[in-house]
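A quick write-up on the structure given underneath.
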Amino acid sequence: MIENPFAEEPKPTAAWLWQVFTGVGLVILLGLHFIANHFVAKGGLRDFAEVVAYLRNPVILCLEVLFLLCVTTHALLGVRAIILDFGLSERTERRLDRVLKILGILTVGYGLMVTIMVIR
Amino acid sequence: MNMLKVPLQIFRHKPGQPSRYDTFTVEIPDSAHVIDAIDAAWAVHDPSLTFRRACHHSSCGSCAIRINGVEKLPCITKLSDVWDGRTPLRLDPLRNFPVVSDLVVDISGFFQRMSAAEMAITCEAEAFLPFTVDRFAVAELEPKAVELPADFSRFNRFEQCIECGICMSACPTMAADERFLGPAGLAAIYQARHKTDDSRKVAHLLGLADGEHGVWRCHSAFECTEACPQAVDPAGKIMALRRELIARRFSKLWGK
Amino acid sequence: MATLDSRRVSRAGRWLDVRRRRLGMWAYALNRITGIGLVVYLYLHLGILSLLTRGQSAWDSFVSLARSPFYLALDVILLAGILIHGLNGMRIALTGCGIGVGAQKAIFIVLMIVGAIALGVAALKIFHI
Amino acid sequence: MGNVGAEKEKLEIAPHVIIIGAGSTGSATAHDLTLRGLRVTVIERGEVAFGTTGRNHCLLHSGGRYCVTDRESAIECIDENMILRKIMPDLLELNDGLFVALTEADLAFKERFLEGCAACHIPATDISVDHALAIEPFLNPKILAAVRVPDGVFEPFRFCLAFLATARENGAVVRTYTEVTDLLCSAKNVTGVKIQDHRTGKKETLDADLIVNAAGPWAGEIAAKAKVTVPEIPTAGVMVALDCRLNNMVLNRLNKPSDGDIVVPQRATSVIGTTSWVVEDPDLITIPAEHVDRMISQGEQLIPAVRKVPMRAKMAVARPLIAKSGTDARDVSRTFECFDHERDGMNGFVTIAGGKTTTARAMAEKVTDIVCRKLDVRAECRTRDTLLASYRLFFQQSDPRNGSSVSSG
């Protein structure tokens, strides 16, 4: 019998769906982020004092953290899609996933750290 | 019948030798199709030119190549539609397949993908006539309903997909990812899925498509649908599979 | 173990080859180019935010720099990238859910027109502060 | 799985038969020979179905077409029609066919037609004109009568692939893009072939215990290399494929075979055929414009809408008709014949010629019977009820001698 790799059910994936969810999230959150930080703020950018005051608003803080999560996930899923197009072996694919997960955690961690340092 | 002198610039490759282009000038009627020109180059100029063909009427799918860079079936492509009257007509083998020799590519990967879904090659014919893959073809004809003979439950016909490989050549994702199930493979899964009510079979077919290199790998360039000579609309079928897979995932989430 | 031999790399680069291809291919290539640009920008942006941790003077001097016309022009380019990527993303999300599949080209054109108008309005706003 | 090794060993000592041509006849013969335990190599200069079989009208004959003029052919057709339904059930459009009368002369022919069908055991039903028009709404509303017969439609490329895929499963080697440049002959024997692989340019010789010449209209050319002749007349026919499918059943003119007397539906097209003229060189046939016009005007009589639909393709190919008596190509029998060239003084060389794709399996059975008799192999034909493998397997089966592929540019 001829072996056919395409006749076996692969592991289901939700990567595309998450890309869409975070994408939809970004449309809303990036819109808010943009308006709040660059259009409402006079001069297109907040000065230091304004940034601190802005981030101390708990609603804004939650939205900005959510934004950070969405943008990091969306960006890294996008990077993953491009790299997957190089046709990796399954093992390299798994390794890539691990690297990107760590990178994602580091990115979000860094963002949170900066935020905490600013509002303190 | 006017005879034309048409220069053909044909991609030549033999294993172990560098690839090149050969130019043959063939003399053929102005009403000829591109396959007739290739045929003449082979019969008159060079019997070592290898190309695929069988039916000459877009049913076998074997002759697909790139004409001036665009995937086409030379058997239904009129010379007058692609040749500007001066520049040599460039003929290349399909992309995204290993070249065996000249215009012949190794299409085993395509048939592997087509075999995955085990889609039957015939399907139920429409309840009306005429049936066409070219919506402009029947502009002057009103569709008419078809009655079945008493002992028939249906008329059947061969599937639209002629397994020519054009979609796989046109697909930008296929260009990169060799493990991608590809437009035709996914469209076949969709067709097979809609030919059965057996829930286990449906789950299996959807399972085949629901992978990192299945429907989710498609980047929505819609090149397959643009290039398909048989209006199979593989991209549309990929999107329909996505929709069903998403719906299933959500209904599972809601515990149904 | 599979390595990235030259053939594979040249294959992977083909998504950029839009010669003789249709609109959907352009949309795809644009989406990728802007996507890569935005990822680069994201990390630059995060890096610049570290200035906030260095106190008021560091940040405020950056803010005054960022108000120069050169930076504002960069902002317009950034906004163009975001609009192309975001609006085309909507096309992908919609068609991927089976909505408007047959009209994907029209959707793309309409979205890009909307994007162009939004960009024009935003550019005026950015330069008329 | 234990006897795979034993099977292989048995195959290695079996006589080796080379088949020239991978059209319908060659393909079906490869299948039959391997089933009977012979070692088989198929040599084809192009792709599978590159020649006559490929450019086929795709009609699975009920035999109705020949039941008045050529009963031998008609009986072959209906028998094979029923066998093919069993061995390749998924590869056929089975919507039956209609023979319709357009003129008083056609109507007068009906009685003879029904008699012919009965004599050949072709199930034929006289149906009402109204019913025929309801089933086929684009049929000429002026028809005077309609007879329903079990015609069908196949896909010639896949027809061959299915036979060859099965033959390969059973050990056959299929070498496409490989041309037979000469036959290896001793004084009284053909002992092998000289071949050239057009993919690599490599020339080699292959020895065989027997060679089957299944090269269709090129069979005469091959036979000449062994200095024997085949009484074949390469006769071309033009077919015109339309941009849409206007009928579900095969529509035939109820009369003796003539030009443009049939419209075969297939996939998303209807194919009108065919004309008939003798050609010199079967490799290069220029399609005469007036033949195309004639197809449209004849097809229009069966389906008036034909003229309103753009043409999708037109094709012509030489058919290998066997000369018997008379000179008109239409009077030549459409049956097939097997020539054992031993009677011409050349042993080890058999030509199978004539016939049509519908009867390819029967042709294969006949030639395989002769091959087995000559090679002293005792085995029964099993192709009548052996289900064929999926045609999709053909391109996935690795053939060690097919050469390795190179990367694309």
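Labels A, B, C and D are assigned to the chains in the order they are written; within every chain, residues are numbered from 1.
Heads up, the rule we're going with is that contacts are C-beta pairs under 8 Å (C-beta built on N, C-alpha and C of every residue); 3 or more make two chains touch, one makes a residue touch a chain.
Keep in mind the model is a prediction, meaning the values are calculated, not measured.
**Student:** What's the minimum number of touch steps needed to get from subunit A to subunit C?
**Tutor:** The distance in steps between these two chains is 1.
**Student:** What chain is most central when centres are computed from CA atoms?
**Tutor:** If we average C-alpha coordinates per chain, B lands closest to the whole-structure average.
**Student:** Provide the C-alpha centroid distance between subunit C and subunit D, rounded to the nearest whole angstrom.
**Tutor:** Whole-Å distance between the two chain centres: 58.
**Student:** Where the centres are mean C-alpha positions, what is the separation of subunit A from subunit B, in Å?
**Tutor:** Roughly 38 Å separates the two chain centres.
**Student:** Determine the centre-to-centre distance between subunit B and subunit D, using the mean Cα coordinates as centres, and give it in whole Å.
**Tutor:** Centre-to-centre distance between subunit B and subunit D: 25 Å.
**Student:** Can you pull out the residues of subunit A that are in contact with at least two other chains?
**Tutor:** Residues 4, 16, 85-87 of subunit A touch two or more partner chains.
**Student:** Enumerate the residues of subunit C that touch no fewer than two other chains.
**Tutor:** 8, 11-12, 15, 32, 92, 96-97
**Student:** Please output the residue numbers of subunit B that touch at least 2 other chains, ranges allowed.
**Tutor:** Touching at least two other chains: 95-96, 112, 115, 173, 176, 178, 219, 242, 246.
**Student:** Please output the residues of subunit A touching subunit C within their complex, sorted ascending.
**Tutor:** 16, 20, 23-24, 26-27, 30, 38-39, 43-49, 51, 71-72, 75, 78-79, 82, 85-89, 91-92, 107, 110-111, 114, 117-118
**Student:** Which residues of subunit D touch subunit B in the complex?
**Tutor:** Within the complex, subunit D touches subunit B at residues 46-50, 53-56, 58, 90-96, 131, 134-138, 148, 153, 155-158, 177, 179, 198-201, 239, 241-249, 265-269, 271, 283-284, 286-289, 305, 308-310, 312-315, 317, 390-396, 403-409.
**Student:** For subunit C, which residues count as touching subunit A in their complex?
**Tutor:** Subunit C reaches subunit A through residues 1-2, 4, 8-9, 11-12, 15, 32, 35-36, 38-39, 42-43, 46, 49-50, 52-53, 55-56, 59-60, 63, 66-67, 72, 75, 82, 86, 89-90, 92-93, 96-97, 125-126, 129.
**Student:** Using the touch rule from the top, collect the residues of subunit A that touch subunit B in their complex.
**Tutor:** Of all residues in subunit A, those touching subunit B are 4-17, 81, 84-87, 93.
**Student:** Please output the residues of subunit B touching subunit C within their complex, sorted ascending.
**Tutor:** The touching residues are 68-70, 95-96, 170, 172-173, 175-176, 178, 219-223, 226, 235-236, 239-240, 242-243, 246.
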